[in-house]
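Each of the next two complexes has chain A plus one other chain: chain B in the first, chain C in the second.
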Partner chain A sequence: MNLPNLSLADFLPLLPAIIMVVGASILLLSEVFLSTTASRAYQAVLTVVTAVAAGAMALTTMFEPPQEVMLGFGVLDPFSSFLTFVVCVGLTLATLSSVSFLRKRGAERGEFYALMLFASAGMSLLAMSNELITLFVNIEVLSLSTYALTSYLRRGTRPSEAGFKYFILGAFSSALLLYGAALLYGATGTTHLTAMAGPLSTAISSQPGLVYAGIILVIAGFAFKVAAVPFHMWTPDVYEGAPTPVTALMSAGVKAAAFAAMVRVFFMVGKGVDPQMLLGLFSVLAFLTMVAGNLLAIPQRNVKRMLAYSSIAHAGYLLVGVAALFVTGPGEQFRLLGASALTGGTPLDLARAEALRGILYYLLAYTFSAVGAFAIVSVLERREDEEKGTAWDLERFSGLAQRKPGWAFAMAAFMLSLGGIPPTIGFMSKLLIFQAAVDAGLIGLTIVGVLSSAVGIYYYLRVVVYMFMRPVPEGAQALEKSWSTELALVLSTAAVVILGIIPGPIMGWLEQASSIFGQ
Partner chain B sequence: MNIELILFGAFALLTLLSAGTVIFARSPINSAMALVSTFFFMAGIYVLLWAHTVAVMQVLVYAGAIMVLFLFVIMLLNLGESPTRGKPTVARVAGGAATVGLFAVLAIILLKLPAEPATLSAEAQASFGTIATMGQVIFTKWLFPFEAVSLLLLVAMVGAVVVAKSRI
Partner chain C sequence: MVPITYYLLLAAALFCMGMFGVLVRRNALVVFMSVELMLNAANLTFVSFARMRGDDLGHVSAFFVIAVAAAEAAIGLAIVIAVFRSRGSVLLEDLRTMKH
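What follows is the complex of A and B.
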């Protein structure tokens, strides 16, 4: 029997996930000893400390060269480290905004924070999975945690409906993904992404049906998870029914991790098959998602639902970045607009690095803006209105600038950022994604992207108009303050504005982070 | 005719018979009990395929634990015998046609399979399907996915408890 050689260095990249699992276990074990009315203030603090520690741990591995760990089942590269960092940012902000939300509803329990930590650990592990079975198991870890979190508050019918819908459709999409992975295994004889490219290039000529079916099923499975049109149907209902802080974590973390896994899988698969096919598939998905997401968001008066559709639209912009990964050659008058800071390699490598950088920056930007926006939604909603369906109506934002100028300013910043208006982080991230797409020669897709984001500005600015130009409705109840939500708002507003004006520090990291294993 | 073929024939026939009983039995309890025996006979087929571990798991997990849960649910819901055979609706006819079609496709694939059974190397034959080999592979090479699965089970358990709580 020959034992494989696992050293301590193999486990080091898993540390962020291990920290989060340990934190979650402490929460679960300590919850047992608390009475129903005991103070649970320590739980949120512990969650935030754990998330910050895990994020810091991810930063320390950020500058390691890309390498395989855990016998090739995982990889440690700047891409996965940055993704873990983004997930930890989202987790921290979502936890801070959930404290007063849960306390108002008398639902503060250790399980809630533990499941948030488990979900984030799954996301972190998913970002580094380099083998299809590992990838599938980690997707399930994060999905199961979010299914449970979605129906955490079972008051009324909405949360159960949302949880059930999410569970059934999520299980369905996992099955599609698994079936696709099984077909790819059948065609190549390996589940390791690194080893797949070689056998794929021979299998594509001997068994094209198997390979194409496998690739399409895997794309469909991922498209469900990132909420890309036409696999987006579950998104509005689930986002609306879930507790708002959970929606925030779903829109930021789940999306980021699923995009990371998708990029990793197809980056490797793209080496074995004709990249033109992947380019075509992802372009179609990106086109449909951008256009449909923005158009469907326009008629929404329910801000939470509007943000759900907006998250679909943002998945579309990200898919443009993914499509830009599969260009085969630079265009004729190939002048890389955005690659001046990136050096080394052929123009094609640079174009890919640019696309990866765009995707990562976009995920960070979306995390700050969306989690912040959902935090505002969560402080304005009242649980009595949920059954009437008016808890998230635009009217609730009327005159917010007079009642709470700070909140109104923060929400305006998030809306401008989501709409892609300078000087916010959302503008910078859209700029990077579209720059990468233009450099990759995807001019048509870029034009569609810019036009559809111009459409999107309408529904983002409508919220701003309600906040600043409508009078305070009569009989509006006083808004409660809570230091933790305020902290989350201050942090995310600061990030949205400062990183929009001075993107330098993050860009410096990203030139590292855009190097993915196997590049 | 060797003993393996006779055993296979017996197990296959009994599996089919019990699977048929699962579908045609009127009482849910009888269906569930027939399902238990289906699992048992399928475990026999797994043994013939050199998959001892899978066979043991089949009996322990499916025929044991999961079927007990099935029976509990049937008894809790207090299901009686289904009264009538029901009319042939469009959905039923379509379902039946799809099933027949599926079996036709499977038959075509089976006929295309090579007649000679695959032969294992002597080295593989000694360890193939044994619990020792599986343990070695799981706890060494496949350590990362295995640990991820243990995390998955923990999450599933916590999630199930959270969802099943009557009120939080």
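What follows is the complex of A and C.
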């Protein structure tokens, strides 16, 4: 067997991930030399610097043509660069909001940030993976780090319970995915996604059982990871029990990376098998996820749990975008509603590029809105309440507008954005996804999506009502200020509002990012 | 020689047993072992197909999976210990602090 020849050029595309791993290693090593009383303020600073550097690195590769990495085991294209950027944004904001969270609990240790960085490196590499085993290993890199982060706070019963549930269902879904990958390997003789399409189209007639079982298992594995109904039951408990900044990273980063991998795998698989089947499967998943996520969120008085169900609902809207990737096509004369900014290619390519752009924009929008909302949740919760069921009750938000007008304004912006109300980034992203779905001919699914997001507005606005129209509860304790959380809130509020009004710059990047799959 | 198909059927049986174990068993450690069984079923499938096709890729994949499974065992057992320390039991029905 020949050993592969790797040069420095093979490692350059991995720089964002390498930067994050180096940062994590520095944090772990430096922790060894610190006394228990030493100041650990540098750790968050180092993490933010690392995340920003990795994000900037990802931006520089955004406009380069797609290239193979590591002998085709990965691929660096605008799609993966944009995903890495989204992950770094989520990581930066989650880190900023975890500083005061950890300090209040006396739990500032280097491994927290190191695990966050390892998880993010796994996410970035997952978005680049172009081979099933590479993909599996990266899923595990990010999952193992998040399992550990979930049960990071060792006091109390919730974190370990949440960590255990997450671990078992996460490992279970990884095993489903891996077995599916093994079956696909058996049917095609390769695990490289680009090489798979050809053998798949012959295997589908000679060994249909193998191919279908493989595809269904891989879809089920991913459905667990992105929390699609009926594979969502772990989400509320895990989101509630995990430390709030970790929940923020999970909802933003893990979801984004899993969607990226899912899109890449099934786009390639869809070239080999009948796309109608994939369209059907993803439409059903999207329908169930949107409807169930929104309906289950309505009765929740626990805001953290409500945000968990809302994250399920958002996975549903994203799945509409994924389903739109598999349309067999609008005719030549069909005029695409949303493709004005996109050029080149047939209407079918354009429709797909449009769906991809919708998914990517949605992931960025959701990152800003959800991480921001979790940051507010984390500053309002108190450590001594954590064992009580009311730690995240809606009452906590009563009269917030009088106590902290800035926070109330930020939370209102995040809620409006999650609900998809203009002028926020959430509205723009929903518009893009549903436009793409209409252009792909998925009218029924779009109607369900719009109706269920209208239902969603109820529980988002309820938080706003509590903040602005309820009196301050008696005996409310003073709220602590923390510059880093304030910074995270200012950044995400600014992004939510400004990108909702002027989506221009990001749209320019996205034309790059979405054009690659069009061919 | 035993035909490859038998290995594949054995792997499928192991996988189903693992899945069944995860879904019905109530002891955290048994559930954890069932997950490991599923991973090993996938490994066996990889290796059998690799043998059938005379291809190295499946063998290599199995090694990666073994390494990942070891890392997963480390984290998983640590979490099980954390659960045991916080409530003195590793039975799944005791994990009900959070309600729907």
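Basically, the second predicted complex is superposed on the first by the 507 of 519 C-alpha atoms of A that agree within 3 Å, B and C clash if a C-alpha of one lies under 4 Å from a C-alpha of the other, contacts with A are read in each partner's own complex, and residues count from 1 in each chain.
Definition applied: a contact is a pair of C-beta atoms (placed from the backbone, for glycine too) under 8 Å apart; a residue touches a chain by one contact, two chains touch by 3 or more.
Everything numeric in this text was worked out from a predicted model, so none of it was measured.
Undergrad: Touching A:L6 in the superposition: chain B (first), chain C (second), both, neither?
TA: After superposition on chain A, A:L6 lies in contact with chain B alone.
Undergrad: According to the stated criteria, A:L115 is in contact with first (chain B), second (chain C), both, or neither; which is it?
TA: first
Undergrad: Once the structures are superposed on A, label A:E240 by its partner contacts, choosing first (chain B), second (chain C), both or neither.
TA: second
Undergrad: Which of the two partners, first being chain B and second being chain C, lies in contact with A:G389: first, second, both, or neither?
TA: Only chain C; A:G389 stays clear of chain B.
Undergrad: Is A:A51 contacted by the first partner chain B, the second partner chain C, both or neither?
TA: neither
Undergrad: For A:G189, select first, second, both or neither according to whether it touches chain B, chain C, the two together, or no partner.
TA: Only chain C; A:G189 stays clear of chain B.
Undergrad: Of the two partner chains, chain B (first) and chain C (second), which one does A:T157 touch, if any: first, second, both, or neither?
TA: second
Undergrad: Give one of first, second, both or neither to describe whether A:G74 is in contact with chain B, with chain C, with both, or with none.
TA: First partner only, chain B.
Undergrad: Is A:A175 in contact with chain B, with chain C, with both, or with neither (first, second, both, neither)?
TA: In the superposed model, A:A175 contacts chain C only, not chain B.
Undergrad: Is there a shared patch on chain A that both chain B and chain C touch, and which residues make it up?
TA: 1, 133, 137, 140, 144, 147-148, 151, 154, 163
Undergrad: Quick one: which bits of chain A touch chain C in the complex? Just the residue numbers, please.
TA: 1, 133, 136-137, 140, 144, 147-148, 151, 154, 156-165, 167-168, 171-172, 174-176, 178-179, 181-183, 185-186, 189-191, 236-237, 240-241, 389
Undergrad: Touching residues of chain C toward chain A in the complex: what are they?
TA: Touching chain A: residues 8, 15, 18-19, 22, 28, 31-32, 35, 38-39, 41-43, 45-46, 48-49, 52-53, 55-58, 60-61, 64-65, 68, 71-72, 75-76, 78-80, 82-83, 85-87, 95, 97-100 of chain C.
Undergrad: Quick check on the complex: what are the chain A residues that touch chain B?
TA: Touching chain B: residues 1, 3-4, 6, 21, 28, 70-71, 73-74, 107, 109, 111-112, 114-115, 118, 121-122, 125, 131, 133-134, 137-138, 140-141, 144-145, 147-148, 151-154, 163 of chain A.
Undergrad: What residues of chain B sit close enough to touch chain A in their complex?
TA: Of all residues in chain B, those touching chain A are 136, 140-145, 148-149, 151-152, 154-156, 158-163, 167-168.
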